[in-house]
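I have a structure I would like to understand better, so I am pasting it below and will then ask my questions one at a time.
We just call them A, B, C, D, E and F in the order they show up, numbering each chain from 1.
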Amino acid sequence: MLDLLIELGNLKRLPRTGWLLRGVPNPESVAEHSYRVALITLFLADELKAKGVEIDVEKALKIALLHDVGESRITDIPKTAQYYLDKGKAEKKAVMELLLSSPEPKEYFKLWREYEEESSLEGKLVKFADRLEMLIQAYEYEKAGFRNLDEFWGTVKKLRESEFYSYFRELVEGLVEMREKLHRG
Amino acid sequence: MLDLLIELGNLKRLPRTGWLLRGVPNPESVAEHSYRVALITLFLADELKAKGVEIDVEKALKIALLHDVGESRITDIPKTAQYYLDKGKAEKKAVMELLLSSPEPKEYFKLWREYEEESSLEGKLVKFADRLEMLIQAYEYEKAGFRNLDEFWGTVKKLRESEFYSYFRELVEGLVEMREKLHRG
Amino acid sequence: MLDLLIELGNLKRLPRTGWLLRGVPNPESVAEHSYRVALITLFLADELKAKGVEIDVEKALKIALLHDVGESRITDIPKTAQYYLDKGKAEKKAVMELLLSSPEPKEYFKLWREYEEESSLEGKLVKFADRLEMLIQAYEYEKAGFRNLDEFWGTVKKLRESEFYSYFRELVEGLVEMREKLHRG
Amino acid sequence: MLDLLIELGNLKRLPRTGWLLRGVPNPESVAEHSYRVALITLFLADELKAKGVEIDVEKALKIALLHDVGESRITDIPKTAQYYLDKGKAEKKAVMELLLSSPEPKEYFKLWREYEEESSLEGKLVKFADRLEMLIQAYEYEKAGFRNLDEFWGTVKKLRESEFYSYFRELVEGLVEMREKLHRG
Amino acid sequence: MLDLLIELGNLKRLPRTGWLLRGVPNPESVAEHSYRVALITLFLADELKAKGVEIDVEKALKIALLHDVGESRITDIPKTAQYYLDKGKAEKKAVMELLLSSPEPKEYFKLWREYEEESSLEGKLVKFADRLEMLIQAYEYEKAGFRNLDEFWGTVKKLRESEFYSYFRELVEGLVEMREKLHRG
Amino acid sequence: MLDLLIELGNLKRLPRTGWLLRGVPNPESVAEHSYRVALITLFLADELKAKGVEIDVEKALKIALLHDVGESRITDIPKTAQYYLDKGKAEKKAVMELLLSSPEPKEYFKLWREYEEESSLEGKLVKFADRLEMLIQAYEYEKAGFRNLDEFWGTVKKLRESEFYSYFRELVEGLVEMREKLHRG
């Protein structure tokens, strides 16, 4: 397991290429992103529960922590590259093999697939959290003065179409509004 | 909650001062550290469970994710400073107020205290994971060529004294051995 | 004294957290700030003298060089944190102990207090220089494209209320005007 | 063509992941690597010519400049990832499409393939230069104090097996010797 | 020659001071700039050839690769400094001596002079490419959010006065237009 | 004077090229160096005074703060470059013109010359402090794991030959000893 923990340290060193390629110097790492995704997942899951939704918080947290571990082997391959190679397939295999030396290879891989395929409530929630996290980060970079991040905001559409939107409408629209305010000056 | 999520973004920007002050350029952030602490917690908790220990994995994960959130307000104040100010007290108050806009202020704060005071099995496990993570990072920096990190290794003693040591002896001693091998060249 | 000089090297490694937390990547260090504070102090003190004000330039320079040395032990704890801990008290003790191995512990500490308490003309001048330096840096960051620094400009008020304002009105208002011009585009 | 030139700017922003994953902070970019590969190609090609080898210097230089352009779309995918995805195939397609808006799509793509497949003298020379460049950089990092780069030196074997080795034996062995000297201390 | 190749590695470490002094954090290196200058030279030279201009592509590429090698010894001395020292003379001598250990000292130095003095068609083309590269980079920085780069755009005038302008009008004006669009918001 | 203060901000952005060229990533800035030179000057001057040496502390501090201001215009041109250009002459002219908008152009320039020519006790002391500061920094980098800094230590000889050596023998030899201990392991 020690080797696995060391290999997962790669996630601290790997920049999120979406920001990197748009000119943000020294952007966040995959680990930094994953950390806030897990925090968001925690908050949203607990809020859903409080609103009567039956959701497995433990499972959701596990998925959040594991959702990007494959990038420790295949790196954060950007959108532009995914046209040329099957990232999904590569990541799937990498995750499977990487987790072989984890305590629960089968369970963890199953959880990862639920995220990838959005095939469980918890998997869908982490996908929602993943997108929300990216937009909050985009907002922070824009607030700091960076530009060239417009296309990320297309993701708002996906948040609005999500089944969780009705629960977190205020959160999503609050962010959009803050961003608009930023650009109105 | 949006404001809280943005404030927690500070953890991505805040360097871990232990490395910074010893000359590691652009060291890891608090968020990067917290992410691997949570991963380690997940693996160790699941392993403990498999070995028949009754541990609440969900609770452990929540504690891991929350254990350093106070630093988004008070920063990673280094050991040298803690001689001059009561970090524990400041962090406690900061965590309490910070979490007020979270979905479960009381529960989260209670969990944070279990970590701080090592007053529950799960709190103790995250403390163990926190120390182990630091040592793995120290090992990685030393492997990359950095020196001046000797004093961190005093923490091995605390891992050996922990009640979890018997379960994870191989992990701890494996790390110590890899480090010694590194320095024998 | 060698140990002291090495410890003061921390000031080169410690980022000014005000900029860091607002998203400026790799912001200036405490040492960089202190250097320009000392330069500004030199220029202002000499100008005051030329205008007939009785000011002790040597003393002012010493204060400028020493005004942030405590941060080598307690780091640049940001405003948000100071609500939770008594930075002033901590810094005072840290400065006192740190300077014990300096050539003139008592004198230097007395000088530091004159800054902290603004209890002498020279101490007040360095406080003025400290604020002015911060605003010039804010202007430089804004000129480079960074945003999110509005709240720093509230400090202009303090400069205007200072007893030195009448001497350096042109300097202060010149900066404010340049900034406004920047934002008018 | 303007869009192409801007897209090729990605090569300045993309880190060489081999160094990144081994803990070198802010390692060289793909563009920096490519630049020295082109310089080495120039020097080696001219030396070969002087030694009576018939080599097309212009062609060699073009290959050197183009050999990594595909990474502007697919990034510097590390060895560990190539086990999971067909980098060669992806890069081939990316290069082909990327160069469509260049002045000579067909010729440039043909040249790139000569490198990839080592199917011409010039293609082989650039491959030789590419490996040599990497080793010189490894040497520089090791000289600066970085460790953990041992496995790169396995590439020396490939240089020794190359048909160009007899011409540049002194260069290759000189580098190996300097490295050994470094480690003898 | 090994020593020369190592010394040319300095170009990877040396920042382009024009950006650095205007507040771009971690700006491009001289090597990164040189790489794209060489790529631009390749594309423009091939396009000129296709349009019936007699141009020696090999020669142009050699000039592009060598045009800034002197900076490995004298660094990228900024405009402000050139008022105080004769950069041209220093660079000339540095290039001459640096290239002594290259395979073709005389030829390479002659080529470098053709760039410096714009005394051949190929030398002029690299100068054109050098300016164009700088403007594309300025555009990229502005697109990412950086400001304070206005004065670089005065160079457009030089591109318009060049004998190559009629061939690459679209390229130059396309860039200018994209920039204007950027600032119209 | 505002323009001058902004221009002196360049010293925060300019890396000390000695470290940069030897592979230290993101090395200290000129401002960071100057700050510790001024601190060292303060301590040494006060110690000399305590030992009965007649030294003008104010003057020494002014020299320390001003000794590298010329680099805001001509940058930290490294030793390798100084063989090709007259840095002394350039710096002299730059300092003179730069200080024209300072409160005391003549006095400051006279002080700068005393440093440059080591023509006064205070000028000599700052030169001593400048060298000592560089060696302390070299020691810190070596302690952190960086290598390739051997040649800097030749400067110890100059410290030993200085008239101040007898007063600060312990400081100088203490540093040398600490370094040797570091390398003995």
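FYI, a contact is a pair of C-beta atoms (placed from the backbone, for glycine too) under 8 Å apart; a residue touches a chain by one contact, two chains touch by 3 or more.
Keep in mind the model is a prediction, meaning the values are calculated, not measured.
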Starting at chain C, figure out the least number of steps needed to reach chain D through touching chains. 2
Contacts common to chain B and chain F (chain labels): C, D
Pair joined by the larger number of C-beta contacts - C-F, A-C: C-F
Which is it for copies chain B and chain C: same residues on both faces, with over half shared, or different residues? same
Rounded to the nearest 5 degrees, what is the angle of the rotation that puts chain E onto chain F, matching CA atoms? 180
Measuring from the mean C-alpha position of chain D to the mean C-alpha position of chain E, what distance in angstrom results? 22
Taking each chain's centre as the mean of its CA atoms, chain A sits from chain E at a distance in Å of 40
With chain centres taken as the means of their Cα atoms, state the distance from chain A to chain D in Å. 33
By the touch rule stated above, which residues of chain F touch at least two different other chains? 23-26, 140, 145
Building nodes from the protein chains and edges from chain pairs that touch, which of line, ring, star, complete or other describes the result? other
Pairs of chains found to touch, sorted by chain label: A-B, A-C, A-D, A-E, B-C, B-D, B-F, C-E, C-F, D-E, D-F, E-F
What does chain B use to touch chain A in their complex? 1-2, 4-6, 8-9, 11-12, 26, 28-29, 31-32, 34-36, 38-40, 42-43, 46-47, 50, 57-58, 61-62, 65, 69, 102-104, 136-137, 139-140, 171, 174-175, 178
The answer for chain C against chain B in the complex is residues 10, 13-15, 17, 20-21, 23, 26, 73-75, 77-78, 80-81, 84-87, 89-91, 93-94
Considering only the defined contacts, which chain B positions touch chain D in the complex? 24-26, 140-141, 143-145
Provide the residue numbers of chain E that touch chain C in the complex, in ascending order. 22-26, 145-148
